[in-house]
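Each of the next two complexes has chain A plus one more chain, namely chain B in the first and chain C in the second.
Moving on to the complex of A and B:
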């Protein structure tokens, strides 16, 4: 008898909720009976233009959605501009999108510096700055910035997960940290400190930083080796990550080596560093990697490939960024579906903060998105992976919340 | 003690990088009495040419010399087309042209080759022959820098062309009177500087990886190196390069911390300009008024 109660309760809840759903359609600028207008900035030119493929995949994704009838009968109009990863340009484009193009919301604006530049503007204007493409922790601050929400696991979360692994598997570790001297680097270091708790003081034996203008990090690696550290937490961007991996190997330093998720690319980091020098690196993953043999016959990756071939044929089937873009676009798709006919900025934000166990099949199984009014960090779990010499191999259970 | 020794060696290795680019800066200063802010980007661009040739299957040394030749022509062409028209303009105008060159070369390279880092081959053996402190390439690059220095010294000291170039830079009017074609001497200076820069780029790329911003950080340290040694002295520039590299590492590791490493270079620049503007080995300039 008991099992029958559940559907009844659900029906009842739906009936109670329906007055709002059936009520008059509500719109803010950018939404109408026929269209939802969404704004975006991406680096299609300049030093970060490799990420431009994200914007292109998202545009292709919504083209597919429109071909299939749109969202609740409305077509998505995805307006994306080039900001060249330059914050002043991002400000200009964000203003254009909000004031001239009158978009309902921004989505997936890319990069920590560009998003920082429009953070206050978007919150003053009360226009959603949704699912930003950066892992900084500050996007999860609903009290002060209720109109900005992150998406990917943030840097502090990742740092805490490495700390948990170290505490469990190498409790007497002596940890050396190399980090980029900016918000991104310090986020990771803070995550590591928080994760180690009281033990941080004794376990972390050396922290060294570098500036983006430094030609090499050789001197820093020598310092870390001299400190006697046997665990190396490597918080660097691709070029410096490759240098650090190579230098550590060349001077014969063989610590347990944690490499931040920012620099796990085979093509731009591990190959330049030398695959044989990268064996044993540990990092994290939350998306299915299209080059991972385990997923070759995975239905989700097959579906993604079919989508790519039809809607974005010039895009690379080997680039994880394209899986990332597909997954984050699916998340916005879900939020807009949940918003129903109430397409106000307020409601869209409310729905973005109302994801309950939402999973996209291109995420590693077991990883789910959860948000609420006090938690603006959708993905907070990852799986560890180790580099075998030819590819990353995931191990252990999904960690985090 | 071992850590200290290791830092010094690592400093010498990066110092070699600074020294090679500082040499190109000194070269152009010798010829024109100007500091070329685009020197690093010209070197970077030439390195991409070398990379393209090697990728196309050309043997390393053939690509190397072809690139140096290309860089020489490239330098001459830039002088003729871009610098010539502003020859008599105020210094500030020339500086603006240099900075424009820097930005243009950087973005054009990024546009053609993308900003993703590339590996660049080394002509030296992969297994270390200097122990674990120094890779063969780092050792080899230092040797190449010293060879370039020697050639440069011989060129200016013992060849009539070298003498003519020095004369053209120091006193254009008198040089013209004795029949030196001053305009071409300047172009030649640009060509030589560009060629030396290409050698520097090709030696640096295997260490820092090839990308359009590869020379950005290096250039600042190379300025410091050139100024410390004396901006008109090739030997001084090389000495300055090694000094800056070692100082930066030792001070960064043991005294002031890594955050202030870049400041070391800047303090050196200001310190030298205030205390001894001609550097350790530079000639003290006396102008008759």
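Moving on to the complex of A and C:
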């Protein structure tokens, strides 16, 4: 009997002693001494394949990280699949990544419908769905979905920032809002209402919506003008944004015109609308735009260009999506660095919710990421910009949190 | 059915039954999708393969079935299995009604009319007035069904993926037997007669218009039931899930699998489920170009589809055995 207890005692002693020795290194599936496996879905084909470049830039970024020795000595294995922006395919690929490839976490899965399709699954499986590539506000819901976290400034945040600007610079404004009738549009409108607070009722004089299937928004613009509004909050996607800008100009309505960040592209919105008709538009930015002359000699953009030329030479140096991808990959890089040798899903999520004033140099100076257990919205500040007739010019201080 | 065919059939069924216990849950989910696609392809094959009407819009019926199930489960708390007959009935009716006017259109013109249906449905699902039901662009998230408790009391513990697989398999078997019964008898002969010689078929007393409309309805019903099962398996429906590409992929599936062949639906389903994944692993830059190469290869090597190629191989083997 006595002898039988010896091995048990030895085991007990080992068990008690080991936590101190092993506490540093803890792994969940997908992480080991040599590797961290990260999963991703991106639309490399299909209607949204223009965004496919984001996945390619991220893959290139981690190739660079691995060439430089990896993260805390571990190589990053970035596994990315095509989902064609089709939610059922996203479900299939997410399951493949989690169940078969055994990744530690998902990162930057792209698009609101694809992410909605796997939202519940990821949270039941308790696998991080980190820094998703969509601006919807619902990703910031740590209480109900603690395994999902957003990244870019969400639509409500942006709406609140316009509200703050209006309150400060035009306190007696009469605001007219045009919005797309879906979650995206309603998110912006809610942000504006929240930002104005009690004054929303008196300041917002007219709200009109349109459907994605509508041919034009001309009649909505006429209604807004007739309401006497002198501030126009334009929550539209590119095609409708161009129509709204042109129509407002043509009927001689000259309000203070806020255009949502979704539609700030020169090529797809302002040029079709007419550059001379777009003068004075106000919008927001949070990333350095590689086509902006101000950044031509910026060290961060230079560094990004060097990275692109070496690791992703076929990628476009004019596409802001590639700066975006570089910046969001840097964020994950930081989270994994912070996680140290404790590479459990739980700890990675904790670290993602523990960014304190983290800045990437490709963000506009002054914009920092902050998250905590109750705040899953990393970037909540932006800078306003005004269209000069040839390009966007940023002005004022960085606003937001 | 010959004895050899029965043996093969029994072997395939046995394999299908043990499959989920041999592979991971993720693979089970994929095979579940294969069975679902097989039902959809069977529906399209009845229409295109047997009856000779080309549809480029069957993705729309798949979507209708999926939305019927999602709305019934989400808004009315109907259990998932009870939504299947409703989805089937709705699609049967829609298919029949769509078939009536579309009958005036033959061949390519019908293809265009159905194409219009396939293109427009995803947009209609986003329509403002329907948003309370369809959830607009955001779609509807539905819960995953668990295995019924009595399996547990029998000592058979099935996880949700395995249970759903068997549920789908059971539905598929029923649908395949029904189709087999339908196609080998008078109705089947009438369908083929209309396809091959519709003037002669009418002279034989076949009500061509009625048969064609009904075929359209039955075909839509099959695809709708598949869509309904698809929604349950994926647990999510959104307009982006059912773009026109889905309809094209269905057509690809029946041609690769084998036109006018019941088993062809299964080969076609395997093709449309797995070949895109293989293509994606070969090249991120141009997955659909790789897919295209596969497609050309298949069509070139097996002009009668996989089912046709297998039939020919078996026939050749038989002849050889007779000769020796």
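Assorted remarks:
Please note the rule applied: the second predicted complex is superposed on the first by the 378 of 401 C-alpha atoms of A that agree within 3 Å, B and C clash if a C-alpha of one lies under 4 Å from a C-alpha of the other, contacts with A are read in each partner's own complex, and residues count from 1 in each chain.
What we mean here is this: contacts are C-beta pairs under 8 Å (C-beta built on N, C-alpha and C of every residue); 3 or more make two chains touch, one makes a residue touch a chain.
All values derive from a computational prediction rather than experimental measurement.
Once the complexes are laid over each other on chain A, chain B and chain C cannot both fit and instead clash. Contact with chain C, but none with chain B, is seen for A:100 once the two complexes are overlaid on the shared chain.
Of the two partner chains, chain C is the only one that A:92 touches; chain B does not reach it.
Of the two partner chains placed by the overlay, only chain C lies in contact with A:121; chain B stays clear of it. Residue contacts after overlaying the shared chain place A:223 against chain B, while chain C stays out of touching range. Looking at the shared chain after the overlay, A:213 reaches both chain B and chain C. Contacts of A:243 after superposition: chain B is touched, whereas chain C is not reached. Judged by the touch definition given at the top, the superposed model places A:183 against chain C, while chain B stays out of reach.
By the touch criterion defined above, A:372 reaches neither chain B nor chain C.
When both complexes are overlaid on chain A, the residue A:294 reaches neither chain B nor chain C.
With the complexes overlaid on chain A C-alpha atoms, the stretch of chain C that clashes with chain B is 114-122, out of 114-122, 132-140, 168-176 or 294-302. Residues 45-47, 181, 211-213 of chain A lie at the contact with chain B in one complex and at the contact with chain C in the other. Interface of chain C with chain A (complex): residues 24-27, 29-30, 33, 123, 126-128, 131, 136-139, 141, 230, 234-241, 243, 245, 276-277, 280, 284-285, 287-288. Per the touch definition, chain A reaches chain B in the complex via residues 45-50, 181, 208-216, 218-220, 222-223, 226, 238-239, 242-243, 250-252, 267-268, 271-272.
For chain B in complex with chain A, the touching residues are 2-3, 6-7, 10-11, 13-14, 17, 107, 110-111, 114-119, 128, 132-133, 135, 204, 207-209, 211-213, 216-218, 220-221, 248-249, 252-253, 258-259, 261-262. Only residues 44-47, 52, 55-56, 80-82, 84-88, 91-92, 95-96, 98-100, 111-114, 116-117, 119-121, 181-184, 211-213 of chain A touch chain C when the two sit together in their complex.
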